[in-house]
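To keep things clear, I will list the structure first and then write my remarks on it.
Every chain is named by a letter (A, B, C, D and E) in the order it is written, and numbering of its residues begins at 1.
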Amino acid sequence: APTKLVYANVTDMSTLSQAPVVAAKTLGYYKQENLDVEFMGFKGTATMLPQLLADRIQIGYPNADTILQSLEPGRERLPVKFFYNSVRSSSWEFVVLDNSPAKTMKDLNGKRLGVGALTFGNVPLTKAEFKKLGIDMQLVPVGTGSAAFVALKTGQVDALNLFDTQDATFETQGEKIRRLEQLDEYKQLFSNGFITTDAMLRKNPEAIAGFGRAVAKATVFCDANPQACVKMFWKAYPQTKPSGDEAKALADSVTVLKSRLVRLNDFPAGQPKRWGEYDPQVWKNFVKALHDGGQLKTTDIKPEDIYTNALVPKFSDFDAAKVVAQAKAYK
Amino acid sequence: MNERIKSVVYPLILFALILALWSFATSRFGIPTYILPPLSGVVAALRHGFVEGAYWGDFLYTLTSVVSGYAAGCTCAFVLGCLFAEFRPVERVLHPFVLALQSMPKVALAPLILVWFGFDLASKVVMVALVCFFPMFINTVVGLKATPPALIDLMRAFSASRWQILLRIKIPSAAGHIFAGLQISIVLGLIGAIVAEFVSSTKGLGFLINSATAQMDTSTMFAALASLAVLGIAGSQLVRWLHRRIVFWDRAASQTTLSE
Amino acid sequence: MSTSNKLAFRAKGLVVTYDSSRGPVKAIDGLDATVADGEFVSILGPSGCGKSTLLKIVSGLLKPSAGTVELGGASITGPRRDIGIVFQQPTLLPWQTVLQNILLPIRTLGLNRTEGRARADALLRLVGLEKFANNYPHELSGGMQQRIGIARGMIHDPGLLLMDEPFAALDAMTREHMMAELQRIWMAAGKSVIFITHSIPEAVFLSDRVLVLSQRPAHLVKDMTIALPRPRTEETMGTREFGEYCTALRALFNEITR
Amino acid sequence: MNERIKSVVYPLILFALILALWSFATSRFGIPTYILPPLSGVVAALRHGFVEGAYWGDFLYTLTSVVSGYAAGCTCAFVLGCLFAEFRPVERVLHPFVLALQSMPKVALAPLILVWFGFDLASKVVMVALVCFFPMFINTVVGLKATPPALIDLMRAFSASRWQILLRIKIPSAAGHIFAGLQISIVLGLIGAIVAEFVSSTKGLGFLINSATAQMDTSTMFAALASLAVLGIAGSQLVRWLHRRIVFWDRAASQTTLSE
Amino acid sequence: MSTSNKLAFRAKGLVVTYDSSRGPVKAIDGLDATVADGEFVSILGPSGCGKSTLLKIVSGLLKPSAGTVELGGASITGPRRDIGIVFQQPTLLPWQTVLQNILLPIRTLGLNRTEGRARADALLRLVGLEKFANNYPHELSGGMQQRIGIARGMIHDPGLLLMDEPFAALDAMTREHMMAELQRIWMAAGKSVIFITHSIPEAVFLSDRVLVLSQRPAHLVKDMTIALPRPRTEETMGTREFGEYCTALRALFNEITR
């Protein structure tokens, strides 16, 4: 019998950023690995983690910050590890309206910045980046979706600090927005990755490796044929398919998906893609950024305890060209 | 025109007017879709949802959690309410706790319930049951205690047992209060289900609203809200109808049921 | 359905004190009274003096605070199966039909339903409501409701019938009709009746004896035997003796309420 | 021991027992903090929050939005309720709409309200007002209509104007219902505020719960829930007290107020 | 506070039909009646026949479905300031004190409050409730509440007083006291009174004329003039004439309700 895995996103499953994970199921990649994967959505990392620890779910998709905090001396270390680096560079962006006078981050000094909520994982990073830049902004929680967009449009905030797919969604509303260039070391900070429990890694590394490989293949597939990827997603979640003009809906959704695919494929140029691999230096940067942002009291933290590259060779163990061919032929 | 026809026709006219105004406003003033969707968009979303069938799963999921939670919560509340009203010591010990729990907004417990009961249907059912419990419990207790003492004396004078008095006198005479409780609980139960789905779900009308929000798809959002309203109205009307049928002797029935 | 006939009532030094929210309220204070077997006794007293309270004591719904009360020689410890009671208010179950209401004592006492049903039909005819057996109480006028209460009090053929102003809600004519009927039933069955009223002519018309109570707290002021021949009729009310009894009671009453 | 003392002492004993059990369970069975925080942790959080003052801001923020929303919602509901009850045509046209809106879970509107009213205090106040509106509105209407016709005839017989009848007779005689509405609204208003803060906020007890959830800090979460319970209890008790004082003639006051 | 004395009442072919949920209910059907200026007229009729309905017509609370009704020669179009009314139920405002309740007509009619206050004190003494001026209605017994309703009906010294079974809730003694007082007031002031009752002796004792109505729908069955000398006293009730009037009315009543 196939191994049963429950995978959980830290927001709804219904965002297009989940399209590759969903496509892997439709394409039968999980089955090929002898896995039976189910999906689940939670409101926030912290809501998901207890479920992971209770083994009600096996794989989660959180940001690094909450997990890093558990390494602080005096806190209960969570017996979990990231095993696959998914969103390889920061999905958090700073956007302004196209006609805004602000050209660089520094121009935002003293202005108001919209964030989803003060509990969003990017808030400490953003604070750290400001410190580094020597600027200061007033943070305003504006929610996501229309509410955030209206805030920007009506000038209640001067810039928005949300994530890639959200910004792409704004663009599909026919609004011109501009992304501001961030500091390199912050741009590099990876966002969501796949996580599982230490016990699971010990007990069934094969299943975990299989999951990573299936997702890697699906990512290649989606990159080659985003239209098909979006349609598979709609098939799985018909209620999320926008009503109205189908062609426009498809074009919009592809735009949104592509904004995320860029992050999933953000590998160093000219080298073979090593799916899921973490760069130890970026972890160190992450710790430093959280410390600067006031989220960690010390930099004396060993991130090695919460991630592993052990399974990375297995993730890339497939014929990418064949997948691309399959994708191109898929209708 | 007689009263009956008037009370159907006039609201329909107003409804048509509102729809027309909405339609006009969105098309004429170019109100952006992300602030107010055009009527046509909402209609399309409803078509997509219910004719093409994309929302049925969500609708049924929410319906299932509301119905099971409602049944469980109201049953427990009724049984415990009877115990509470019948046994003075139980009441004396528990009264302050009931007061405290009653005044606490139960939706704030949603994240904890998820931790305790998992993310499946179970946690939604628990949430709904919890939210339904209090209005029903309180109304049962108040209703039982409001039994006219004269009726109780009557039964005692004819040598009825405590059990006979509860069953034959107190419960029927509390029926009005109990139905009012059922009425409040149904709307609160829907709220509970939606909030639980906000916190974690892959299905349900709450999930639909949440995902539509993220995608700025206000048409779907309105469609989901409309479905919720239909669920709420159908539920209350059902309870109201039962109330009228069962508590036929209570002239004020048509009034008390109006009260939330 | 038959019950003992030995139901003489005796109260000695009866005191009843209510424990109300504003402190104790003494309703009855040192009442001595007897009702012999098969006797029809009316109780007359100003409003709020403690008449209904006395009835609750006799029916066992209330415990005396002091003194002794006995029925058929035994102390009263709680409601008894062989007592019928007609309350001051009709006190009907609104969710049951007239017939079901009348049959209530049959059901709670677990008596034979077929016999009960036959008796119920007879009583419905007696109170003139045979056409309303399947109506619900809220469909009837106040006077009709009161008559159902009377039928219910008699359904299990009790040895002692307690009646608390049963005719107050009836109009003059129905009232006189019911008085005559009650007398007829009582004469035929020979059971004891304790009858509370605030109508002096009613008390004189119906009773073997009239007990007059004082203002609250109630004690016995007068025990008047009514020596009018039975059956009493409309003509009886026109007689001089009847008028004299009424005048005497009225004078007594005037004194009490002064 | 007299009744009064018993009704204080017995619940206190039970409360102490629960605390002891909790304390014992967490320390003895090593229940992880993210499932159930130790009692000491919650006490520490409460100390930090209220003695050291970390939560006062949140507490006051929620209090502000609840109080303003409650006042606004209940006032509108009262005024509109009077219009609705007094003018038959208004009622005839609006009745189905009221029924529909009443049955719709208002918290599902939170995301839309955010879009329409921004993310400041305003959107929280609107949410609270909306949630408070219906119970108060319905109870006002039912209460005004339940005025004994005899009292109205009495006033008419003494040549009172319609305005005098509304002010002197209908409103006082609806007071019991109106207070019951105020009572329900206060708990619902708290729920509305919390949900609005869940959706977007920088402050408030809902925000506190949300951010504690994000940090898996269950101690703070329990502390915030406890503060909410205190707000809820204080609010209901205040309304109950006012009810008893103002509607002194209603013997059933102590009963109706119990009903949510 | 003084009012016109010309308040003779006249009904011709009066018909009143209620529009109830179960279809139209005819309460009064072709009633002809008059009440002369300064006259005391009682209305007697079986329960539910339409007596209260007639009173509502006179007070202007209800419009006739057919026929004409006039007060002082003018058609009745709505409530009038110079009519006092005492309802069948006490109908007090529970949130106002006894005194405030009695002063209610003064306030709604916008009359002089100082004068009103003085009259209220006098009326409170009359009904024996001067000690309860500042109590709330729920603190009083049913009979006391009814007496407040009586005082309220008289507070603005109306030219015509309508009373709907005002003494029904009173015990026998208070009732006789109130009857005597009412007679005294009426004799002193010379205003018209329309008095509804279901007690035959009460009607005979108080009235210049007694109008007897039929079963519903009500029409006039008998217009009986009571030619007993005034003031009537307790002794009057013992006289043969008084008894004869009562017997005659009782016989009439028996016929109606047959």
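The rule is short, and it goes like this: contacts are C-beta pairs under 8 Å (C-beta built on N, C-alpha and C of every residue); 3 or more make two chains touch, one makes a residue touch a chain.
Bear in mind the structure is a predicted one, so any value in this text is a computation, not a measurement.
Shared contact partners of subunit C and subunit E, listed by label: none present. The busiest chain interface, judged by C-beta pairs in contact, is B-D.
Per-chain Cα centroids separate subunit A from subunit C by 85 Å.
Note: centroid distance subunit B to subunit C, computed from Cα atoms, is 49 Å. Centre-to-centre separation of subunit A and subunit D, using mean CA positions: 39 Å. Residue numbers of subunit B whose C-beta contacts span two or more other chains: 34-35, 111, 115, 198, 210, 213, 218. Shown for subunit C are the residues in touch with two or more other chains, of which there are none. Multi-chain contact residues of subunit A, defined as those touching 2 or more other chains: 47, 50, 145-146, 150. Looking at which chains touch one another, you get A-B, A-D, B-C, B-D, C-E, D-E. Residue ranges on subunit B touching subunit D, taken from their complex, read 6-7, 10-11, 14-15, 34-35, 89, 92-97, 99-109, 111-112, 115-116, 134-135, 138-139, 141-142, 145-146, 177, 180, 184, 186-187, 190-191, 194-195, 198, 205-206, 209-210, 213, 218, 221, 224-225, 228-229, 232-233, 235-236, 252, 255-256, 258-260.
Across the interface of their complex, subunit A is touched by residues 32-35, 41, 44-45, 47-49, 52-55, 57-58, 111, 114-115, 118-119, 198-202, 207-208, 210-220, 223 of subunit B.
In the complex of the two chains, the subunit A residues touching subunit D come out as 44-47, 49-50, 53, 66, 69, 76, 116-119, 139-143, 145-147, 150-151, 156. Those residues of subunit E that touch subunit C in the shared complex are 46-48, 141-143, 170-174, 176, 198-200, 234, 238, 243, 247, 250, 253-254, 257. By the touch rule above, subunit D contacts subunit E in their complex via residues 148, 150-151, 153-160, 164, 168-169, 172, 175, 247-251.
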